[in-house]
Amino acid sequence: MYTVCVRDHFMIAHSFRGETFGPAQRLHGATYVVDLELRRAELDADGVVVDIGLAGKALAAVLAELSYRNLDEEDGFSGRNTTTEFLAREVFERVTRRIAAGELGASAYGITALRVTLHESHVAWGSYEGALPTSAGH
Amino acid sequence: MYTVCVRDHFMIAHSFRGETFGPAQRLHGATYVVDLELRRAELDADGVVVDIGLAGKALAAVLAELSYRNLDEEDGFSGRNTTTEFLAREVFERVTRRIAAGELGASAYGITALRVTLHESHVAWGSYEGALPTSAGH
Amino acid sequence: MYTVCVRDHFMIAHSFRGETFGPAQRLHGATYVVDLELRRAELDADGVVVDIGLAGKALAAVLAELSYRNLDEEDGFSGRNTTTEFLAREVFERVTRRIAAGELGASAYGITALRVTLHESHVAWGSYEGALPTSAGH
Amino acid sequence: MYTVCVRDHFMIAHSFRGETFGPAQRLHGATYVVDLELRRAELDADGVVVDIGLAGKALAAVLAELSYRNLDEEDGFSGRNTTTEFLAREVFERVTRRIAAGELGASAYGITALRVTLHESHVAWGSYEGALPTSAGH
Amino acid sequence: MYTVCVRDHFMIAHSFRGETFGPAQRLHGATYVVDLELRRAELDADGVVVDIGLAGKALAAVLAELSYRNLDEEDGFSGRNTTTEFLAREVFERVTRRIAAGELGASAYGITALRVTLHESHVAWGSYEGALPTSAGH
Amino acid sequence: MYTVCVRDHFMIAHSFRGETFGPAQRLHGATYVVDLELRRAELDADGVVVDIGLAGKALAAVLAELSYRNLDEEDGFSGRNTTTEFLAREVFERVTRRIAAGELGASAYGITALRVTLHESHVAWGSYEGALPTSAGH
């Protein structure tokens, strides 16, 4: 199994609901350094997992949708705690849609799984990983 | 699959038995920077894998049992080589018991697997990972 | 010249005023991983630059004053852009006051300079460094 | 499952064919920081996954075969794009052969899987992982 | 004294002349992860050392002049060993010229010193630092 | 000013005397990841600060004198707390002597200053830096 990973980051404000979160119930924020891993069993004709330039652009585009925002005021997140692990899945879903839409190139339909890791500090990170829907339609 | 990771460290003295270990047969020591990864398929009602504050406290408590000690003189390790990979499992087992005892909160019974990684230098690390016993009793 | 460094982090929300800042004019946030460096020419009687435990506690106390807050609403920062470099100096000043107040122990009066570095992502950091006032009063 | 990882690096020149690669079609180069992970279910009699000294030597030997070379002129790579993920597999195969040849010691026949990761910058890496052939012959 | 740092990277091929360099006399290559530090005594009116967006663009522009090239064939480097430390100064000089040309904005004339660090692997780096010419002309 | 840095590590046992040290008064240990920085104003005829291969060997030789030992039982450290900052200076002095003895080559007499940093964990490090004696004798 091959994996390629590209890294980028985004910066947001948010707050959490629930006593579990202690002082993080107050409005605060975070930098998330994001690792996007793309996986497949065999390389494509160019000898790569994915066009790494397109992968980087797709990740940057997804993060630009989130960055420099107060997530408490984003419609899609209403009533949700935008925790690190929740956001990891959100990035996973958005990248998955861009792959399906062809933004990472035709070869990217061969990607079988993704993992998205959000580093929130030097001592904590969260991730979401999963298989991609089969690309039979392509 | 979701993962959350918390990091901490401990510092110990020890020695190894066996010609394989060369100069490490002498009494020496190590700093271990420890990554504790906790995994589950779905987030809990708060939108988290685990109460990260409780996870950090449990890891710190486990490491305090080991840190600032000469492991050659600890009863539990008599006759064992306390290698990086051996200690990774030891931390795994101790964290597992604390989860079972409820120290990470009721939601933590939903955690299905752990991975413990001990970084011993900038060029070497060891880890142990495994499924947790099913939490049917809870 | 000797230096000792301790690391911790804090997480805040804020926004910037000025066209220079582009999308960062919106309310967003950041994790700052903070390195506090303490410097002196000679070690104290214990063979250290500073009691590293007390240094870590002082840094944690300073960061707790800032963390999990919206800095736009903190009185002390009214009308200021709380940039990385601005906050580095803020941490510098607050640690300096704690040293002067004796929180890092009597030996810490021998510290002659500090450097505070705030890492805001994997690709950017800011710092402030300066000499400490002479400790003639002690 | 236990894992042990050793790290080393190599430095090469190469170029890529295919419009996908943009300016990387020109002769350029890379430093690859290599993580070799070795995995097995149970520790050996010494309490280790592998003799870490031998593992490090085997990795260094494999990387010395590649380092300080223009891969475009190496016979084995003729007509291939020596991408990060391609080279990760190449290192995987070469380490696998050294394990089979006994260079990592008899205990290393118990290793069941490897992962090789090549970090090409602070924002990108590629890896190849796979099971080792069963060691029934030994 | 305030410092702000931005990070980027470039990838080149080259070879060295001189027995000192051993196997690095062969054509090989490197990834250089570059830290550009900009320093000044006081912040500007926006509360920053420099417009970090412009600083990042200027660094990227300088690195694009070097990246994906065989430095042995670049006119400016004829007869020179393009070592890590040599290239650190080269980046320093090129960024200095862009600051003087106003590419980092008018406020950047207040920058008094730069440091450029090139990380060539996980175990080696080189840097060049120096004062900037006084900006009396501005 | 140019700087080149090489990294290596060593692993020791020791204990500290003094109530300041709390549980670190017990026999424990540490991994120290060591950065040796060598500085000079101008490059030598090869275009380098130092023969980086010789610098790495000298650092490895110094660390081999310390590694895999209980420092409490080393004659040279009798009655001393072998703290991180103390050991940083010790490495500084030993490297300085090797430079003076010509182990880093004749060009290394042009090195004017060293900095030695010992990273003891992901949250703490200590360093010692100083000018080298003038090399008039050479």
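Order as written gives the chain letters A, B, C, D, E and F; numbering starts at 1 within each chain.
Please note the rule applied: contacts are C-beta pairs under 8 Å (C-beta built on N, C-alpha and C of every residue); 3 or more make two chains touch, one makes a residue touch a chain.
Note that this is a predicted model, so its numbers are computed, not measured.
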item: Label of the chain whose CA centroid is most distant from the centroid of chain A; value: F
item: Repeat of the C-E interface, chosen from A-D, A-C or B-F (over half of contact pairs identical by residue number); value: A-D
item: Distance between chain centroids, defined by C-alpha means - chain A, chain E (Å); value: 31
item: Distance from the mean Cα position of chain F to that of chain E, given in whole angstrom; value: 27
item: Interface hub residues of chain A, defined as touching at least two other chains; value: 7, 122-123
item: Chain A partner contacts - residues on chain C that touch it in the complex; value: 7, 9, 11-14, 23-24, 26-33, 67-70, 119-123
item: Interface residues, chain D side, partner chain A - complex; value: 16, 18, 20-22, 80-86, 88-89, 122-130
item: Chain B partner contacts - residues on chain D that touch it in the complex; value: 1-8, 43, 46-49, 51-53, 56, 105
